[in-house]
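Across the two complexes that follow, chain A remains constant while its partner is chain B and subsequently chain C.
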Partner chain A sequence: MTTYLSFLGPLAPRSTIALARLGVIAALIALIVFGALRYDNFLSSYNALSFLRYNSMFALIALGMALVIMTGGIDLSVGGTAAMASVVAAIFSPYHWAAGLAGGLAAGLVVGIINGVVITRLKIQPFIATLAAMLAAYGTGLLLAGNQSVSVSYDSGFTEIGQGDFLGFPIPAWIALAFYIAGWIALERHPVGRRVLAIGDGEATAKLMGLKVEKTLMGVYITSGLCAGMAGVILAAQFGAGQPTEGVGWELFAIASVVVGGTLLTGGVGSIGATLAGALLLAMVFNILNFENGLGWISLSAYWQSVIRGLFLLAVVILQAKIAGARANG
Partner chain B sequence: MTTLDTTTPAQTPAKRSSLIWISRYGTLVAFLALIAFNMAVTPNFLSWQTLNVNLTQVATIVIVAVGMTLVIATGGIDLSVGSLMAISGALAPMIFLGTIYPIPSPALAVTLAFIVPVVVAGALGWFNGFLITRWSIQPIVATLVLFIAGRGIAQVMTNGNLQVFRNDAFQFIALGRVFGIPTQVIIMAVVVALAAFVIRRTGFGRQIIAVGGNEKAARLSGIPAVRVKRLVYVVSGALAGIAGLVVVARNSASDANLVGLGMELDAIAAVAVGGTLLTGGRAYVLGTLLGACVIQLVRYTLLANGVPDAAALVVKAGLIVAAVFIQQRAERG
Partner chain C sequence: MLLSMKAIDKSFSGVRVLNAASLEVEPGEVMALVGQNGAGKSTMIKILTGAYSRDAGSVTFQGREVHFSSTADSQSAGIATIYQEINLAPNRTVAENIFLAREPRTAFGLVDRRKMRAEARAVLKRFNLDIDVERPLENFGAATRQMVAIARGVTQNAKLVIMDEATSSLDEREVAVLFETVRTLKRDGVATIFISHRLDELYAICDRVTVMRDGRTVAVSAMKDIKKLELVRTMLGKELTAFTAAQRNREEADGATLVEAKNLSAGVRVRDVSLAIGKGEIAGLAGLLGSGRTETARLIYAADRRDGGTLSVGGRQTAYAQPADAIADGIGFVSEDRKVEGIVPEMSVRENLTLAILPRLQKSGIVDRARQQEIVERYIKALGVKCASPEQPIRELSGGNQQKVLLARWLCMNPRLLIVDEPTRGIDVGAKAEILKLLRGLADEGLSVLMISSELEELIAAADHVTVLSDGRSVARIPAAELSEERLMVAMAHQDGEAA
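Take a look at the complex of A and B:
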């Protein structure tokens, strides 16, 4: 039995994950079809575009988180980083829209580098290292902002990054799409992707195989920082202000999106596309809830969205565990 | 692991023993140093008021962090504590204000307002433990479910409204004093003493450490690992419930959006600074108390000397990293 399984060993978990990925994409499509059939304006361009515009921030954060989690790590600093980046972007926005963009990205880059150094050089667990970075990022953001929100400049075109359209599609959604394509290429079509997954499978083994573990980890945390920085820029541009207290709990919602997307928290497996589907799925719960309330049959307050998201996560997690259990026993 | 660790040069025995000394007593030394510094620099530091302010600030964090220490000792983590605080904090006023069901006797209403929320929070903690043991779901994911849904439940229960109240009997848990000591501080002390006793002197305590150290070995040697783990999450949930009661009683108001917000990370920080490594197999309850006190005292010292709260956050971050770094170095040798 064992020999038989060890032959199938590397295959079994991968196909399980493939199944989970298909599941989340199927669930997303089912939810869209349900919405389209039930509500008049669900597929209207207004709803679709504002949905994408708002949720591009969360999709970006989830992308960085997914890459980190694939290495077996975690990044709790993303919410604080996004808040700090939104402040930095707002401060630089009067000079030029590009200055605001660069400022926000630089803020994310700095946090990413600090995370990477603390984790790879000081060998501190990612959970603790990024928890500390979260506190530091919030503190720095509040200091820079003087404990209040910083309004952005409306003259430099900076707000276009959050509010503008390009080819009839929201600019933040284009940005998220570009990041996701880059992430997909890196993970699926570039050797770095195999390094990321190998580290998640077992850091010691990866090191023995001669992979550049520390360099890859640095890169992954920097990527997550940049994604969070970009989300912060969009936050500032979309709502017209750098908001140093925003982003509380984003990190845990991003983790939920990644888990719903079929990426195991133990690392070693994961998919970029399914992460996007997971993030959109959790976001769509809120959208559907709004439309359902609009019909007037029920009146569920916005607070139900957390409950329903939690139940969603619960269902996905139990399902994954059952599939994994069935594979292990079968 | 040691064989791979070629980057760290071998340490001399003297350096290693000094590292162990720092990791063992470092938090205590930092605590004493902070007190000495404040005595010299901060005006009016040595007063009952300063002591009470700091202790009441730290009481709820310590109550939650003690539960977190036990959970982390089994190799787990509990992200749901803040949300459970919100549920318990929302439930209690609903009971004694009669929102759910009017209870004629005020004494009975207040008694129920103490018991029911803690039992509910403990039951939700059991649910965490059930998810973790029944389906071998990672603790961080399993408790994420209630982190997200729990605050939603509290918000739905209260419809997101602020519950304002004044009930001296109920608020005794936070505002009352016994022999001049605030009740919440006494609760904190009792919780710490009980947990320290359980870890050091009871079979359950040894089972917790054994499960966290090596679950497979613990199971093979006949320790009911599943039961131990579930119980630990029940304790963590119930303690979060108590902390939720204290917070709403202190504020004379319950806001489901805010009660316990971010508490999970504050508690984990206290545990980490207190010397309990996140890998499990160890529990320093007194260390957690000390860790929370050091974090609070650093913040107080900075605030009292005119440093803005935001800068204190940055210092806190550095403190956490430094504490964990020293402990890990001593551990590795």
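Take a look at the complex of A and C:
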């Protein structure tokens, strides 16, 4: 019987996406090796720790963005949300460090809920809904801050969230790590992860299979809002001020990290670990550019860095399209 | 009685689509539900599954009156639906697809992956399907996916499985496997409602048949008590004279060959295909799914690049670089997938019909509306397209009429060769015969047609000769006089002594 059914067997080899994910990790290692050989101090604990401290924020918003993109959506509001959250956190920081933390997270939660409601109840395209939320979040942040940065309290211990260490590692890195572990468990081991990916595979189908699509999407946008809120708290704590004008372009950095991590922009396929690798890879490119500047042979302005970032992303997306094409023909 | 739907009424914006319709299914029986497009089959099914609500009538399932408000509702009550477009998540694994939303959990509330795998294997084993349940579903063919969908239903303790055109994308071998699954379900006391346009399948698997027409249930009969012609007659509600054949009333071909393809090859799908199409001939192209039928057509049309072989059209060697070159040389291609590659649903019949010829209708860069109108009216009349007006959005037309508009789109380009891929897929019996007759009429006027079809009876009825492909090679060319289902199937299976 089995032999007569053999023609029903698999048509294609195991996902080439998995190979692409290994590629990201290989590229990350290659860049680290390259940096270590080329620059003094590249592997110094100072560089390593400040690298982790600074980039934890970006890793966090990439995590939320990854979950959103896996459902086939997009969240453009993360940068604005982070900026607003940093202001709210700064305003609440004098009362207690936890008040600052809670305030920032609450700000992210509110934006996430609004995004979720607008997208699932009012059936507005995520692109439009979160674009509106981005503008509103920036505006709210500027209003609350009175159009300037808001200094945080240095007495309540709030700044420890951004500047402190625990067991020799920066607290922001621990926070990001905790979020990523929770995200990994949710996506890979908890039923909700199957739901997220199935929705990205096809929303109508997911509904026909009896999945609670709207509830899941709601949760995903709230998670993205919370991640952005947490990034905002770290931003305020690290730089000692709520920064209503920060966060511009963060959503693009997050999308880039997610895409580099092999998550398909069309949804349905994605990995938490590879998202982290993608975020670290992009950050590493910058780190190397900074060192290259430091050598003094070339001088790359921030503008040039932006151009290089764009080209890098384009290369990755082209690669992804090729892989998807190979899969379709496989 | 497992299911009893009685006196069901349903209207959409004043138009009555169901009129006291009924449907009854016994436990463990396979009930065929047939009717032309628009007879009310799918509305009936949607009311049963809770996708629509009924205006009047009663639905009793397992002895209780039910009012399902969503498909999730009816699923948990024990009704599983398998659609033609398989409603599963292609990127998720087989096991995940079977258990999505009902995953076995560990004590911590996480997915118990070991248990999920084991249970998935166990349920597939019941259907004699031994596959790697950890692979994404998209790695498997249509039949496997459908069986996974059924397995999903079975693990939900389905008492009734609805197969809505589930076989239309399967080849004969895969259909056989699916039928084996239906029989397994039957042995377990699970009933099946089986909807298919392929009448032979009904006779192969169904116990009884319910025939619907114009929103009413017009006949219920044991399958063995109703002859095929009688069944078709009941469906159409009129004397049917010529379903079996679009008559060949044309003189023997004058012998002029229009298209000659020799040893075409491309990748693994097309290895060595030769075929010839005479002027004014309908050439059939048969083969199992995956035998390279569509791929061969795409090579001729230059939608794909060929690795080897020669192609001559009208006596000249050709090397089209892209479909536009093939079109310019008088070749038209009506794709198998009307929805994806054919119609633009929101556009009107007029716009859809003239999409390809638009560049030729321009006068100093502006579409000549008068000429466009004239062409549209001519073809609507010639092909008998039933539409309220040329401005009606094409999505509102039935499948058969959409297909006619697509044919018209190419015909107004005055092609020499028209390639039609599964021209009657998903079209009801009456419209099917009409499309075939139409193609025959066109051939009689000198058009050459290359017709790809999975329906053997259709090839036998319409083709002047059939080239049979097997595993990317042309293995037989059977002239009309020798065509029979037996002969075609033997060739498709490509067994001893059947090599070309």
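Keep in mind that, in the parts below, the second predicted complex is superposed on the first by the 308 of 330 C-alpha atoms of A that agree within 3 Å, B and C clash if a C-alpha of one lies under 4 Å from a C-alpha of the other, contacts with A are read in each partner's own complex, and residues count from 1 in each chain.
Here is the rule we go by: a residue touches a chain if its C-beta (ideal position, glycine included) is under 8 Å from a C-beta of that chain, and two chains touch if they have at least 3 such contacts.
The structure displayed is predicted, hence computed values, not measured ones.
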item: Partner chain(s) touched by A:L131 [first = chain B, second = chain C, both, neither]; value: first
item: Partner chain(s) touched by A:Q243 [first = chain B, second = chain C, both, neither]; value: neither
item: First, second, both or neither for A:L197, with chain B first and chain C second; value: second
item: Contacts of A:N55 with chain B and chain C, given as first, second, both or neither; value: neither
item: Touching partner for A:L208 - first (chain B), second (chain C), both, neither; value: both
item: Residue contacts with chain A in the superposition, chain B compared against chain C; value: B
item: First (chain B), second (chain C), both or neither touched by A:G268; value: second
item: First (chain B), second (chain C), both or neither touched by A:I185; value: second
item: First, second, both or neither for A:L311, with chain B first and chain C second; value: first
item: Partner chain(s) touched by A:T71 [first = chain B, second = chain C, both, neither]; value: neither
item: Overlap of chain C and chain B interfaces on chain A (superposed complexes); value: 204, 207-208
item: Chain C - residues contacting chain A, complex; value: 71-72, 75-76, 81, 87-92, 96, 100-101, 103, 105, 109-111, 113, 128-132, 135-136, 138-141, 143-144, 147, 152, 173-174, 177
item: Chain C-touching residues of chain A, taken from the complex the two chains share; value: 1-2, 5, 7-12, 14-15, 185, 189-191, 194-195, 197-198, 200-202, 204-212, 268-269
item: Chain A to chain B touching residues, read off their complex; value: 74, 76, 118, 122-125, 127-129, 131-136, 138-143, 147, 204, 207-208, 248, 252-253, 255-256, 259, 265-266, 301, 303-311, 313-314, 317-318, 321-322, 325
item: Residues of chain B that touch chain A when the two form their complex; value: 1, 4, 77, 79, 131, 135-138, 140-142, 144-153, 155-156, 159-160, 261-262, 265, 268-269, 272, 278-279, 308-314, 316-318, 320-321, 324-325, 328
